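Two complexes are shown next, each including chain A; its partner changes from chain B in the first to chain C in the second.
Now for the complex of A and B:
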């Protein structure tokens, strides 16, 4: 075994310094300098990359990096100065081409030089924090070529001129522009900005300012918008072709500002072609264009919305207050529905279903529909008309569509309780006269109302339907019980629960003997199975079918009201009757009787009675006869059906009063509810809470609420606090 | 004798002139209430008073109605002439308040006797002496409010909830003559022209608040101030008739 010591090999540096021959540095530099010249003169093919790289490497290694670097700078600068001169010398159109060509050359050269000087780039430059070669090349180009006094402005002007020509319709060389702008971007975004973009934007702004001014003087709104749109598209396209993509937003902002923002109001309000005009004429395309363009600028859409809202409100207001329209409620409501449809379509097609516009529509409709206090009544009449005849033969889906549209209008009403009152009245008449087109449609609407307003709203209405059904069953039981009555007159009874149906005062009326016995039989039948109930005959709401034979043997079946039946039956026992006699015999109230007689004697085609004298008014001593000469093409003649009509002035007052009366207990109930849960609450908050609670039915009047509060204080439900008189306390 | 400062001596004189008691008793009461004259008066009267119940019976019998065990209108007029007070004088209201009388123009035996006892009266002399004291009570804010609110229940018909308008107007004119509310006449005119119905308790009591807190030019009237509806209407009425126009008094007969 060897016991040799392990020996580490050590390599030591040369003990003596090897100094490069200073002349060596010069010589090496001269080689490289020459190479650079050759590269710039397009003679690079004869050079050896490897050799040049080694030379550069050696220089840096031997600490001659400084010399190399500064040599590079001066050499390159020299070349660039030459290049600048040649570019300056270029004439007219070839200026840009020359510049572009030289730029390409420079880049190629730079690439090669950088490769050669890679070692310096990686070692000398980082340690001395000098600019790397590539960047240096760009900077030198910028300083010597672009910033050259002759080139700088000329470059900018050339570019701007070209752009201007293109804007005015000429065709230009886009390729060269693309290269130039790319060059500027390569030199640095700030260079691009300063040398080109900023000026470009400024000049463009001026251009569009002038152009928009020119257009707005001579174009109408629609055309102007088309032009603006076209310009925007142009600019976008321009950017994509030969400008930096970051310019797009900036230039479109400029166009938007100059062409749209500065002229927004003028465009909207332009006579004969502005926004209002477009709305009225359903110009979907123009509106859509306006929407899309205005969307781009701040407040653009809100301006449109503002004008649209005030227009809707104004035209809506005219609609609801126009006395012509008010004559026909069904027309009135149809017009409202048409307006709604129109604007829905506009918002859908032109305004991109924008929610804020939808809201504007809703608030406008709510505003003007409630301007007319008769709107609830009219909407109910519209529904009545549809359910009586309007929806005859219409498919189920279409029925649903119509009812949904009506519900939309209903939602806008502030006084929903007024609607309820009228709807009840109209529904009662429809049900009792059997004049409803479709039971399903009726029920469908009730369901919709229930969904909208809650169970309470519709419970009475549903009660009415139930009563109708129950009555049918009752009638079946009655006829089963009294088969002997099948030979005589047929009696059909509807038994109405008082609370559900609109209140009617009971009136006097003497039924003919045949009828009254029948009615008595029914009464005892009904009360026989249901004790504790009270029945009263509503003779003002019934109908009758009579078979009549006239003078020449013409037979007709007459469909009349109960009152009319009573009157006509009298003539079975008398040929001539005076008004007084009729009044005494029937005991029908005077005003109703007069109306009844008028409808029997004075209406052409329905004059089953003759009156002497032939005047329109009914006098005490007027005499009535059967009109033996009565004729009608139809066998069945309908006289005086009880149709729902627009109320007369006094009737309207009465209904309104009843609604007000009904509201009082509702307000009180709300107050008590709130105070019970809060135990104490101050005046203003109480009023606010009550109003909110009642909102779904009607708009509570603060004065009325105050009166109710006082009434409740009086009845010891509430008291005022001793120290703070604005505070109310609940008394259990 | 104690050395009294000028201020204390004045107060002593005042006390004696109102209550008619001796200096010694007056001093006691004043010291006990730290030399506040009104407090001293209250203190003095709230002390259990010695009254001769026999004398009280006698007094009662003097005024009681021959047929009913109550003092009615005749008895009251006799009482008034005895104590030298006009029956319409507001001090009669104060007296009724002390008696906790249920209705005007009649006193039950209990009311009469207990009322006089609490005032320390068992003779006509003492009665007459107490009159100034009773008048002075109207000057106290809190007492005036109590008396005012008492007046509603007292003046209305038995079994009614509200006060008849005519009676209310009479009472208001009486009470506010004392308290000096400048708008009282306009208020009464307004009621007769527009309202013509009975007055509720709430309206009655709130009117006092209104008269006290809202200046007579109505510049600090707050429409949201939870005033009864009638008062809101009154303000409207004043504005409509040009009596008050946004804070300025047009009617020169109104005292500021």
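Now for the complex of A and C:
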């Protein structure tokens, strides 16, 4: 309060301020402004860099940084406005050139201005967080030139027009385009995007929408794809010449979408030229193009795969269900192999060995091969055929190739145990009749099966080979032991281990007396060296060579089965024999006997017997005579047995039944194995695991598995949980 | 360019010097000399000599620097004068690079001691990436550039500073205590040049912004900032912010029976992508050290001395530092004994003390400071009383000892920008230790 009263005097503190020439800043700035003008006017040669730098330094030093900066902004803006005008005034084609020239001028000027103002750039600008000189120059160029209403749309349209005319086949000046797009990129990614790229992509999409519509109306699938491929390559090349490399992905996406994705289904299903047509005609080049183009778009490949899969399944299904094909198993399998080869080649040549396509192929084959329950039998027959005769004169490598292919088919089979059954039968026949062509090929196949399915799958097959070998040794021992037998009929015995070989109802027929004696001698020889064994004769499987002399003295050696031999031997003592008499004397089962007589009396050129009456079938009341007029060009005559190579219906049933019977213990074993390790498991999981374990051999039928579980419960291997009836427990 | 043409004559403030284009080219295009002799400015000018209106003595020193890459300042030229001239020519970075050599703890020389004007004890000192440093005293942080020029000081609501750190040479983050009921305090990002607050970091719990006390700080190379936080309603833990956006991106809450929010030290481990969090005595009664993995919000390793029997000569952990190359954590007690914890075996590992120096015991200074640890380029540093020890090799042998006579105990030290800064508890003095440039007859 007292202070107020005393406020009569005010003593100012003595301040001696250093006052600068008030016009100093203006004068200095004038010099710098003049220099900027001269630089823009290409007249910089008279300027002294040192002087300008020093002046700019002094302005910053004496706190005129703000004046310097704002002066720079307004001076540069003025020049850029002039530049904009001269660019706007440029006529037609010279527009871009003028713009480019002015851009180069501005860049050079900007560099020189920044040189002068370097001190400001280094000290004043960071502390005030203003835009550095170089960036400022670009921003001002953008605002005053590029965003000028007269230039902005004109620039865009000029660029798009040039691109359009290049797309329609004209030659344009790529150099100037490259410079202009480079300018836009220098101004920042957003400028390039907003002022050019976005519009470019939009216009391109429109262009390709129209073009693809036009193409798809008038071209077939192959031609269309060729055109699309060419367009894609063109765009990639365009980007590499004068656009930002990041545009490549975007523009190719546009082309992919407009030319491929939008027309995918139509292309695939195009009549007479679509995917199915290409597959049927093995058009590798077109398929490969389709693959490579469709790969670029989402779901492209899966569409191809779907259509290919359904086509394969459809044609495969036709093949395996065609009743014509069922007549010839070898042809049937050959067709399957051809089909497989065809698609393998397509996937290899056109689909880049794509794993997903290989999987589709496998699943398709698995699907349709198992549609026909006889596929396992047929595949075995095919192998049989190849190993009997088909491989004669074929190199070892080719044999391997064929066998590998067959193994491929084998892999698709669900019922591998059925195949095993048939294979065993066919192998037995081949071995016993000595029909097998190559021991190596046989063994190689066994090895393949072993690698595929494991030891137990082939152990019996291998047993069969061992039996053959042992029998040879045994026979040598036998003939060495009985040298006196050399004069009489020769007996060759193959001793087969029970269980290794396909079991056959062994009804022994009555052998001719001389043969029975021999057989007895062998029996005592065999059992004499090996104790505890039982020997029974499989007369239905043997063969015999007979020397026969006919009415006019024709001598022939007849190669016949054991049954046939028994029948023929009867005619040594009789001219005429009725069916009944033969049946009584030989005790051959009726069906076999009929077949045997058929082959002896009814096959043209091989009819060593004559039948009355001369009908096609064998009747109970028929009578048989030796055909005295029998003649043949050959000395050795093979009398074939009328055996259906393919199984007859009842036989099929029988095999089937045997397979089912064999599966039972396997299923049980699997159940016990699983329960032993798991101790307890619910019904569904148990079924699932059993199925999985047995997959490599056959597809277990859940009803059958259930039956096996019941049986195991009855036999106290398992028990049901008291509270949860669906839960099983293992009983140790 | 021929030999004759390579020559260039300069008249600097009246003194004519002759040099070559090639020498001047060492200044770089982004300098005054580089621009001056650029062809843009040079095509038509063919004067016999160029004039530069600057101090000729300093130019001589700088020209020598351009010629040889070495800096020799005669005693009669003040450093500040030279720096000013170097700034004019745009050669400050050249000067800095030539002033001291690459850091080696065993070759350090005391370069300068600086007296600050802040009252009270120092809290922390931090070396910046370009050789500057900042010193926290109470609620103020004083910032010095590499020329040791002081910049405007920093404060955040005048709250007590707990930790400070350099994000880069232009930005400093400080963490301060909260002022109850006012929402002041927390953590802020400042310009190291102007001292201006650029960003204040917030903590949210349940989508509500809460005030907090920011403790120790750490930074990761992927632009994250970590800080131990104490909230008002027991919201303790470690917060994570994005350095670019300033937004909080994560929060690791303190588990029951553990300590994170009070931590004395955070250390980001680039190799294992984990954060070391250490709370030491006397902040808490016990010591808690843990490694946090933020990716799956897990504490991947922890150690504590809770329940450990303390003998008569209590060995309390006073600082800890993780050494990723050795898969271990080094700790130190108040007698400057070093201890090691194995990071490979999880938890419950026993602390292995290397009984090195018992000599200290019984002759502690009047105002003791707790030992601190630092690791740089495979060398381990620990401060004790008025000196700093340097340890090297796999067995961490004591190889050097840095000591200065006055200023009292060292309360904090830091290594950054190839310099070591040590802050004394008395008289508010800090020292700058540098490695001299390599000897003339040396091998590069």
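In the analysis below, the second predicted complex is superposed on the first by the 706 of 732 C-alpha atoms of A that agree within 3 Å, B and C clash if a C-alpha of one lies under 4 Å from a C-alpha of the other, contacts with A are read in each partner's own complex, and residues count from 1 in each chain.
Here, a contact is a pair of C-beta atoms (placed from the backbone, for glycine too) under 8 Å apart; a residue touches a chain by one contact, two chains touch by 3 or more.
The structure presented is a predicted model; accordingly, all values stated were derived computationally and were not measured.
Applying the stated contact rule after C-alpha superposition, one finds that A:147 touches neither chain B nor chain C. Set side by side, chain B and chain C differ in how many residues of chain A they touch, and the one touching more is C. In the superposed model, A:126 lies in contact with chain C only, and not with chain B.
Applying the stated contact rule after C-alpha superposition, one finds that A:726 touches chain B and leaves chain C untouched.
Touching of chain A by both chain B and chain C, each in its own complex, is seen for no residue at all. Taken together, the chain C residues at the contact with chain A in this complex read 30-32, 35-36, 38, 40-41, 43-45, 50-53, 87-88, 90, 170, 193-194.
Interface of chain A with chain C (complex): residues 44-45, 47, 49-50, 53-54, 57, 108, 111-112, 115, 118-119, 122-123, 126-127. Those residues of chain B that touch chain A in the complex are listed here as 161-162, 200-203, 206, 209, 224-226, 228-229, 232.
Contact residues on chain A toward chain B in their complex (touch as defined above): 682-684, 703, 706-707, 710, 713-714, 720, 725-726.
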